[in-house]
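As written, the chains take the letters A, B, C and D, and residue 1 is the first residue of each chain.
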C-alpha cells in the first residue's frame, strides 16, 4: 500500500502523465486536420528523423548556439565591468544611468535593420544583436548587486585597514555575484529569443531559419521539431547554468 | 587618559546625535555605552572608530588627535552588531583578512589565526563558512577577526543583540574574561542594563545625544546624578509632587518634587513580628504579587500610593490581600535635571543598618 | 556655494548631461558617414517630423500598442486564474507544471510560422503570439506568489473559522498580488519584444513594420525614429504600470 | 477539567515531538508551556488548536473529544509568534475577519471591534494598517483578533518573542491583567523562564517531547521533581558525584549523586559577625564578584568546589579575595531521572528559619 502509493507519487512528480496526456490530445486533435496543418506525433517524429539523419538539425543547432555563445560571452565581458563601475562610482552612474534606463526598454530586435545596415548580413550583425540583448539585463542586475552590498561588510573591511580599491575587489564584487549570475541567466534567455527572431529575418541557417523556411515547404512537422528543439535547448542551457552556478558560486550565495 | 572626547558634536539632518559629548577612558578598561535606543550611543562608538566623523570637537586615542585620520589607520578593532562576517570566506580567511591587508607573511598569518581560534574556543573550525556556525560562534569569529590586527582599542556595537537569551549570558561572561585577560581597552554599546552592569568596569549613560553620567555600575546604581539616570537604572516606582513626604523617615527636599523608589529599597515585615519595632514601619496592604524566580515583587497600597517591594520568599509567606509592615530605606529625589539620594532619617541613626 | 552645488547636483541627477553628451557624440560620429549609414541628429529629427506630420508614426504606434494591449489583457485573464489554481492545487500542479517548465523556454517568436499557418496573416496570429509571450511569465510568477504565501496567515484565517475556499480568496490571492504584478510587468516587456519581431516578419503596419521596411527605402533616419519611439513606449508603459500598481495595489505590497 | 490531553503522541519524520503527553488544565487558568527549543511545546499548542493532528491519543476541550474536529470548529483563538496579521487589511478589518466569517451583522461587528480596540488600548487606530503600528501594538491587534470570535480557549505561541526587551515587560503585565479580567482559559508557549514565572498561574515544563512537571511557579521552583527541572529552572551551580557531602549540614542521599545549588540558597556572612554562630557556616574565599543591579553574585571557593551566592549589597561589602562565612540552606539532589529537595540538617532544627 505504502509502496504503491510512492510509485504513483513518483510517476505523478516525474511529469510522465503530462507528456502522455499531451501526446494523446495532440494525436486525437491531429485526426481532424491534414498533416500540413497539424501533423500527428508519429509524422512529426518521422520529420524529425529526416532532419536528424540529414544533419540539418544538428548544423542549425550548432550555428544558432555558436552565435548565442559568442554574443553572450562578449556581452558578459562588457556588461559586468561596466555594471560594477556604474554601481560603485556615483559620477559615472549620473552620466550612464539615464541612458541605461532608456535603452533597456528598446527591444534588441528593433536594432536588426540598423545592424544589418552597419555590419552586413553576415555573422557580425547577429552577434552584435545578441550582445545588445545580453548587456542590459546583465548591467541592470550587476548595478543592483553592487548597490545591495551589506554596507557593514564594507565598513568591516575598512576597519581592518583595507583601502577603497581593495574593498571594492574583496567585498563589493563578491557580494554582487548572485545578482550578476541572475543577470547572466536572464541575458541567456534574452539571447535565445533574439537569435530566433534574427535568424527568421536574415539568415541562411540556424534554428530560426529552419522554423521560418519550413513553412515555405509546407513541412509543419519540421516546424514542430524546431520548436521542440528550441525548448529543449533553452531548458538544458538554463539547467546547466544553474548547476554550474550552484557548484562554483555556491559560497557567493548563488543557489 | 587613553581615549578622550572633547566637546564632540554630530548632527544627522534634524537629529542631534551627539550634543557636546566629552569623556575620558583609562587604558585597559572595559566600558559600556548604555542608553535607550536613539540616545546616540552608537554614533559615539562609530566616531571613535572613524566610521562617522564629528561636526566639531576633538577625539584623541592614546594622546593623539585622530580627527583627520581615516578608519583604516586608527588602529581600532570593530565588532558589528550583525557580525559582518564575509559569507564567501572561510572562518580562517575572515580572521586573516586584516593581516593580508597588512601583507604579513603566510606563516605569520597562519600562526596568528590558529592562536586566535584557540583564544575564542573554535579550534579546528577554520575551514567552515560563517553560515555553518551558530550565532554564538559567529560572534566569536567576529571578535577574533577584530583582534587579528592587534588594535589599540576594541569597539563593539551591541555585541550580544543577535544572540539567544540563554547563550547570551555565557557569552557575556566569556567576553568579560577574555578582554580582562588581553587587557585591551574596550568600549561596547548596549541598551540592556543587565548586560552593561554585569560586563563593564564603567558605564557611560547616554540620553538624547548627551552623556548623563559616568561611573562604575555600583556608583551609578547607588548615586544617580540626574533625573534620567534615577529613572532609567533599575525598575523604580516614581512618586510625583513631593508625595514621598508621606513615607516615614523622609522630609521634603527643596527643588526635588519627584522620587524614584526601587523594590530593593523597601523592606517588608509580617504584622506579627516581634523582633523589630521601628517608627519607620508603615502598615500597608498587599494588592498584587508577582513571582520573580528567586523573590516575589509585592505591590503595597499605602495612603493612596502604590509602592513595590522585593520580597525574599524564604523570609515569610505573603499573599494578595494581606496587611504587612514595610519601611523604605532610601530613595532618589529629583527634579527635571538633578537627582539626590535620600536616606531614611529614622534608620540613619540605627547602627545596625550598614551601607557600602 | 551651497545653492550652486545643489543646482549642479540636480542637473547631474536629471540626466541632462547624458543626453547632451549622447547627441554630441552622435553628431560628431555622423560627420564621418553618409546619412544613409548614420544620419545626424538634425536629419533624424527631420525624418521623425515627416513621420509625425504624415500620421504614419501615430498609426503604427496605435496598431502596435493595440495588438500588445489585446494580447496582454487576454494573457492576464488566462494566466492569473490558471497560475492561482496550479499554485494552490497539488494535483493540477503535477499535471501542469512539467508542461509549463518546458514551454516557458520556447521563445514565443518560434511559434510565428505555426500561428501564421493556423490563424492566417491577420490580427489573430499576432494577438495569439503576444498571448503566448505573456502567459508564461505571468503563470510562473503567479505560482511562485501562491507558494510564497506566509503560511501562518492561512492558519490564522482557518483558526478564525474560514473555510479553505474563503482562505484562498481572502488570504492566498491577496498575498500573491505582488508576484502577479511582477509577472504582468515582465509579460508586458515580453509582449513588446514579440510584437516588434512579428511585425517585421509578417505585417503591413506597426512599429516593427516601420523599422524593417525603412531599410528598403534607405531611410535610416526613420529607423532611428522608430527605435526611439519603441524605447519611449516601453519606458512610459513600465512607468505607468508601476505608478498604477503603487497607487492601487500598495496595500498588497506592490512597491 | 477543561482541557485534557490523554497519551498524545506525535512524530515528524524521525523527530518525536510529543511522547505520551498527558495533562489537564482547569477552566479560567493561564498556563505556560515552558521548555527549551525543540522540546515539543509548540507542537502541543498546535495540536490543541487543531493546526496539527496527533498520531494517537485523545484531546478534550470542555469535556468534548475534539480529535476529529478541524481548527475552524474548535472554538479556539490563536495568537501567532509573528502576529500573522493580514498586511492588506486595516486593523479594523483584521479584527473583524472572524466575525465576517460568522456572518455577524455590520453593526454587531462594528460594536465588537470598537469594544476590543478599547480593551487593548488602541482606540482610534482602527483605520491604520499593520505596518503603521509598533511591534507591541501589532501584538495587541493579534490578541484582539483572536478574541473577536469569543473563543473558549486562547492559545498564544511565544507571544512576546518578537518584541523589544523594554516593551516586553509592560506587555507581559498587561496580558496577564487582561486575561485575568476576561477569565478565559489560556495557554502560552515560551522558552523564557522569567516570562513563564511572572505571567502564568501554572507551568507545564516540557523536554524532549515529554512533560517533565506541572505545577505553580513557586511549587516548581521549590520542589523540582526531575533532574531536568532541577537544572533548567533558575541558574544553578551543578555538583557531581556526591560532592555535596562536603557542605556542612548535608548527607549523602542514595541514588542522587548530583546536586543543583541556586545562588539564593547560599547565605553569606562577614568573618567578623558576632550575631550568628552556626555549625552550618563554612569559611570560603570570594574568587569573583559580578554586580547584578540589586545584588552581587559571589563565586566562593571552598574545598575544591565553586559555589555561587546571591548577596544583597545593602548587607555588607564584599570584594574579590575576601574570606567570608557561608552556609547552604537547601539544594536539589538528583540522578538522571528524579530530583529531591534536601534541607540543611543543621538549620532544620533552628526555629528561626522559616520556609513557605
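The criterion applied here is as follows: a contact is a pair of C-beta atoms (placed from the backbone, for glycine too) under 8 Å apart; a residue touches a chain by one contact, two chains touch by 3 or more.
Note that this is a predicted model, so its numbers are computed, not measured.
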Between subunit A and subunit B, what is the gap in Å from one C-alpha centre to the other? 56
Note: subunit D sits from subunit B at a C-alpha centroid distance in Å of 26
Multi-chain contacts only, two chains or more: what residues does subunit D have there? none
By residue number and range, which residues of subunit A touch two or more other chains? none
Think of each chain as a node with edges to the chains it touches; is that a line, ring, star, complete or other? ring
If two chains touch, include that pair; go through all of them. A-B, A-C, B-D, C-D
Note: in the complex, subunit B contacts subunit D through residues 36, 165-166, 169, 191-194, 197-198, 217-218, 221-222, 234, 262-264, 290-295, 310, 312-317, 329, 354-356
Touching residues on subunit B, where the partner in the complex is subunit A: 49, 51, 70-73, 76-78, 80-82, 84-88, 97-98, 101-102, 129, 145-146, 148-149
What residues on subunit C touch subunit A, complex-wise? 12-15, 17-19, 21-22, 37, 94-99, 101-103, 105-114, 116-118, 189, 192-193, 196-197, 200-201, 207-208, 211-212, 214-215, 220, 223-224, 226-227, 230-235, 238
Which of the residues in subunit A come into contact with subunit B in the complex? 150, 152-153, 155-163, 166, 170-171, 174-175, 177, 251-253
